[in-house]
Structure formats: structure tokens, C-alpha cells
Amino acid sequence: MNVRTPDPNPGWLSEEDLYEARRRLPMVYVEAIPVRLDSLGYVTDVGLLLQASEEGQMVRSFVSGRVMYRETIRAALIRHLEKDLGPLAFPQLPASPIPFTVAEYFPSPSETGLTDDRQHCVALAYLIPVTGECDPRQDALELTWMSPEDALSPEVQSEFTGGRGNLLRQALAHAGWCR
Amino acid sequence: MNVRTPDPNPGWLSEEDLYEARRRLPMVYVEAIPVRLDSLGYVTDVGLLLQASEEGQMVRSFVSGRVMYRETIRAALIRHLEKDLGPLAFPQLPASPIPFTVAEYFPSPSETGLTDDRQHCVALAYLIPVTGECDPRQDALELTWMSPEDALSPEVQSEFTGGRGNLLRQALAHAGWCR
Amino acid sequence: MNVRTPDPNPGWLSEEDLYEARRRLPMVYVEAIPVRLDSLGYVTDVGLLLQASEEGQMVRSFVSGRVMYRETIRAALIRHLEKDLGPLAFPQLPASPIPFTVAEYFPSPSETGLTDDRQHCVALAYLIPVTGECDPRQDALELTWMSPEDALSPEVQSEFTGGRGNLLRQALAHAGWCR
Amino acid sequence: MNVRTPDPNPGWLSEEDLYEARRRLPMVYVEAIPVRLDSLGYVTDVGLLLQASEEGQMVRSFVSGRVMYRETIRAALIRHLEKDLGPLAFPQLPASPIPFTVAEYFPSPSETGLTDDRQHCVALAYLIPVTGECDPRQDALELTWMSPEDALSPEVQSEFTGGRGNLLRQALAHAGWCR
């Protein structure tokens, strides 16, 4: 961000500048929890990504990523869903832009209970039905579909980091999951 | 409801009893506004039914109907969507049971602004994306797809009765429609 | 409902007729979970009623009751809050009529996980901040304020019946409670 | 953001760096529409700020501002409400962090219909009941309380810029305002 001469890519941030920005400004994120629905709309399966953390630990996560400059929330959602689930997942974006919750991750513990070492990020979180075939790309090793019961089991919950297990709980509560 | 001997259809109400019940108890309804969404989830079209009212006037309405005894909200939604849009509409019920609003219709004017001559009804209102072909049955003469702009035009608004035009406004506001 | 002559109280149902109606029609209910909020809106305490069930067991419950004929949701909420918490509770009704969930209770087990022996009821459920003094009346023995952690503890959860413990979970999830 | 030596105020951005950041990253904002509610929760009055724009035009606006690094949404809301309405407004923050909509402002026209010359900003928008006395400070000339009808009149709508008039429409629709 030290370039003051006309800039051919005004919305572009170098890795270095992005690193700095993450220590000065809250980042806007979208977070999507892929689900399979039956014909009545009940959640039958939750899709969880399995990834290696920087420390080499296997952790569960959701589809997640930054909203770019001049990008709409919806465009960011589609971009990250396609990146993490492949081009044939056919995610169904909701008619309403209202998230099921706003997840606030901080670099140190706070009242929100959500942490992210790298940054303060404000994530708009959505439940996204997907109807197609998922083929995780990039750094995700695997996408696992499991029942809501299994996703909330202590074993799977222990594989989440940064408080994301509770986010899943909130998502299923929003879906009226009640057992 | 004057039958006290064992009743083979305990959830069944005669026309006469239903007529009476409508004058004594609020009825539970579901109301669905069918929409077409683009790949980003923006509403491109709203589906409005055109029906003849009891007075022979042509009026606009939504998919709407009673929740039966022992029927879930979701089952009632699917039943009324299929009845009003035909079996090939492929409505996508949402993961969450939370309606975009609760519409309270009263037999006489009230603070809600919504009226229904026949009854006091509490309608859970949903925006429902449909992806298939709609073929209105029963007493609906026609399903018209139109843009949100056209649906909110004074001309179309004048074809709604009982305050339903405002319900459409609320639905589109919920979808973030903003122009 | 067997009166066909002009009726001086058309919205009134005899105990007998109400008993019958409960076996033929879904009843409209409101359900309110009283909470104390701190100045930032975080839930600090949840108010749970302690009542004797018909079998003489002590059970936890929420403020809850029927919406009468020609009564608005908001009027029913205020009426039941005042009845269960006393006239000095000062409940703050929300600007929006959208419930945090729609709770469907059935007289026998169903996919909703919520049961009510007496009836099929569709309850619009709200979190209601109260700022005043609560003085439970009627058949409630006690109103207990407790932290969200305590309210979700296995011990307290075991005091709920009909699946209401999960409703509390959904309420706190809606409030972003995340620990 | 050109400081790479240890920084005593790591969350602090110089005016210059903030100017640059606004051209490279979406900013996180909160937006609050102050309302007066009656005892049933119906909106009786909407509070609109009257401010001079940079071009000296009088424009209507809401309470609005940036979320700082390491600041929660709730803390940002309280800070901006206090800044714009004074210390005696007694705003009541909601139990739920879910906004009534997510308003996306872009520096040039887009599908959201919302614009902000200075930046791309993602604003979480809330309806906030206030019960105390408001005494606008800073650069706001005046806070005007008006009925929902008046706030939606063509005259007042013409005093909004950047599409904010539609945001007010969405807020009132969320509150079930229906006339």
C-alpha cells in the first residue's frame, strides 16, 4: 500500500501488503457450510472439509475465504464454493443475503469465542445446499458428508479449531435441527 | 365437533365445523411466493397467481393454504405448492423453518393491515425458489412470472387484495431487493 | 362449536369445544424465553419457569400460551408474559415479528422432535429481554435466572420435557452464544 | 502501512494508509437505524440524521461507521450510536447479531444499487430501539424523528443518497411494517 503512482491493478494487494492489512483492519469473509437437503428441506448431510493445518494437524473446516475489493458477497460465495468443492457442486445461493450468523474471529481470545491466528475477520456465515458432485480442490484433502448427529459428535467436534465447532451448532440450530 | 363417540377420522373437520372453527380460532396457514433465482441467488422473476375472487373480480395471490392437523409446516408447503403449481415445479424448500415474516390476517381492519373475510389466520410466509415448469391447477387461472419491478408497479399492486401487495414488498426487501 | 344460534361471544370457545378443537386443528401458540442482556446485548441470564407437571413432576418451561381469536401475536406475547412474569417485568418486544424459530409440537413423535400430549401446536418462539422484576404468578412455582452455561448443562436439560431443551439451544444459538 | 519496524499501535492506521486501504479492501461497517417502539414493539418513529454532504447538500443518513481492528460488531455499534446520538440515548442492542440486511456499497454502480464514493464497504445493518434522549453530536446537524409513513414519503426519500432510502424500506419491511 505504499504505491502512490497510478496503479494498473488498484484493487490488488501484494502478499506483503495483505499481511500488513490483516494486522490493521478487520477482513470481510464469507463462510459456507455445504448441506444436502431432502425434498422437504430437512438437512440430511453436512459437508466438512478435512485439511492439514500449518502445524500438520488434520482439522475440519468450512468453505471460507476473503471478499475481494469490488466483489459482492454473492460473487465471493460462488468463487469460494467453486474453488473448494469443484465446478460440479451446483451450490444453491439463497434469495436472501442475511447470514445465519456473523462470525467474528480475533487473533486473541475474546467474548465471541472464535479465534484466527492470522487476523481479525468478520465472516458472514451461510448454509448452502449443494446438489451436485463435490470434488475438493486446492489444499483440502477431503470433503466428508456426514449426518448432523455425527457432525455434532464429540469426536468430530474435537477436530475443529478456533471455535468453528460452535459455528456448526449455530448453523444446525438455524435449520431447526432439534434432537 | 359435536362428535364424542370414537371417531374414525380424528383429525378431520366437516365443512360445517371448519366454518365454525374459522370464527373461533386463528387458523395456521403457510404462504409461499414462488421465485426464479439466477446463479448468484438474485431474484429475477416472481410468480403470481391470477384467480377469480368470489365476487368475480380478477385478483393476484400467492400459493397459500391451511396446515392440517398433524401436518408439518414443510409438508403443508409442499402440498400447497404442488396443488397450485403442479407436480413439475420442483420447489426448493429452505433449510431453515424461519419465515421471512408472519402475516396476520383478520376478518376486520387491524394494526397489521392484512384482512381475510373468512377468518383470522396466521400465515408463515416463505420465498420459495422453483426450478421446474409450473402448471397451475385447481381454481387458479394463470401463473404469471414477472420481474420484481413489474410486480411492485402500481398496476400490479392494485390487483392484490387484503394487503397482500405489502407482503410482496416485504418478501423482496428480505431478498435484499433494493431499487 | 355446536352453537348455531347467534352467539354473544363469537370468539369464545367452551372448555369442551377447545378440548375437541385441540384434536382437530393445529393451535397457534407464542413461546417466549425471557433473557437479561448486558449493555452490549450479550445474554447474561436466561429465565426458566419451574412448574409441576400433571404427573406431579417438576419441569422447566418457557412463557407460553395460545393466541386467541382476533388477537395479534404481539398482544398474545404481552398477555402471556404478564401472566407468567407479573406486571413489573417490563418485557421488550422486538421490532420484528420474525421468530427465532417455529416450534411444531405434535401429540406423538415426529421429525420435529417436539411433543405435546394435548395437541398439535405451532409455536412462534421469541427471545424476550426483560428489564424489570419478575414475580411469577399462576401455576408457576418459580422463575430461575441462570447463565446460558448452566441452562445448557445436562442437569438442567434433563428437567425439560417435550424437546424444549433443544428449543433453548436454538434460542441461544440465534443469540450467537458460542462457547 | 509502510511501517515495517515494530509498531507501538499495531491496530492503528494513518489517515493516508486508511485512504489507500479504502481503495484496496472492503471496509467493515455497522449501520444503525434508530427507532422508537410502542409497548407492543410496533415502530412508531424512525430517527434520521440530517447532515451536510461534502458538496454542501443536506442529506439524510443513519448512524454508521467503521468497525475497528479488534473491535466487536457490538462494541462498534455502541460506539457509533453514542457518537451520533449522544450519551443519553440508551440504545438497546439486540440479543442476536444477525443484521436485518447486509448492505454492500460500491464506489461505482453495481447490482446492489448502493454506492459510496469513498470505498467498497460491507455494512451490517440493524434496527436499534432507543429509549432515551438523543443529542446528535459531531457533524450531524439534527436528528429528526418521524413516522414510518413520513420517512417513506417521496419528499424524505429524495433526501437520501447512495441508495439509502431503499435500506430504510428494507428495515421497515423487516419490522413487519405493512401499509
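Note that the chains take the letters A, B, C and D in the order they are written out, and that residue 1 is the start of every chain.
In the analysis below, a residue touches a chain if its C-beta (ideal position, glycine included) is under 8 Å from a C-beta of that chain, and two chains touch if they have at least 3 such contacts.
Because the structure is a prediction, the values reported are computed rather than measured.
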{"item": "Any chain in contact with chain A as well as chain B", "value": "C, D"}
{"item": "Interface with more contacting C-beta pairs, comparing A-C to A-D", "value": "A-D"}
{"item": "Inter-centroid spacing, chain D versus chain A (mean Cα positions, whole Å)", "value": "26"}
{"item": "Averaged-CA centre spacing for the pair chain C and chain A, given as whole angstrom", "value": "34"}
{"item": "Per-residue multi-chain contacts in chain B, two or more chains", "value": "42, 72, 97-98, 100-102, 111-112, 174, 176"}
{"item": "Contact footprint of chain D on chain C as seen in their complex", "value": "35, 37, 39-43, 72, 74-75, 78, 92-98, 100, 127, 129, 174-176"}
{"item": "Interfacial residue positions of chain B with respect to chain C in the complex", "value": "1-2, 10-13, 17, 20-21, 23-28, 67-73, 97-102, 104, 106-107, 110-112, 120, 122, 124"}
{"item": "Complex contacts: residues of chain B adjacent to chain D", "value": "42, 101-102, 111-114, 163, 166-167, 169-170, 173-174, 176, 178-179"}
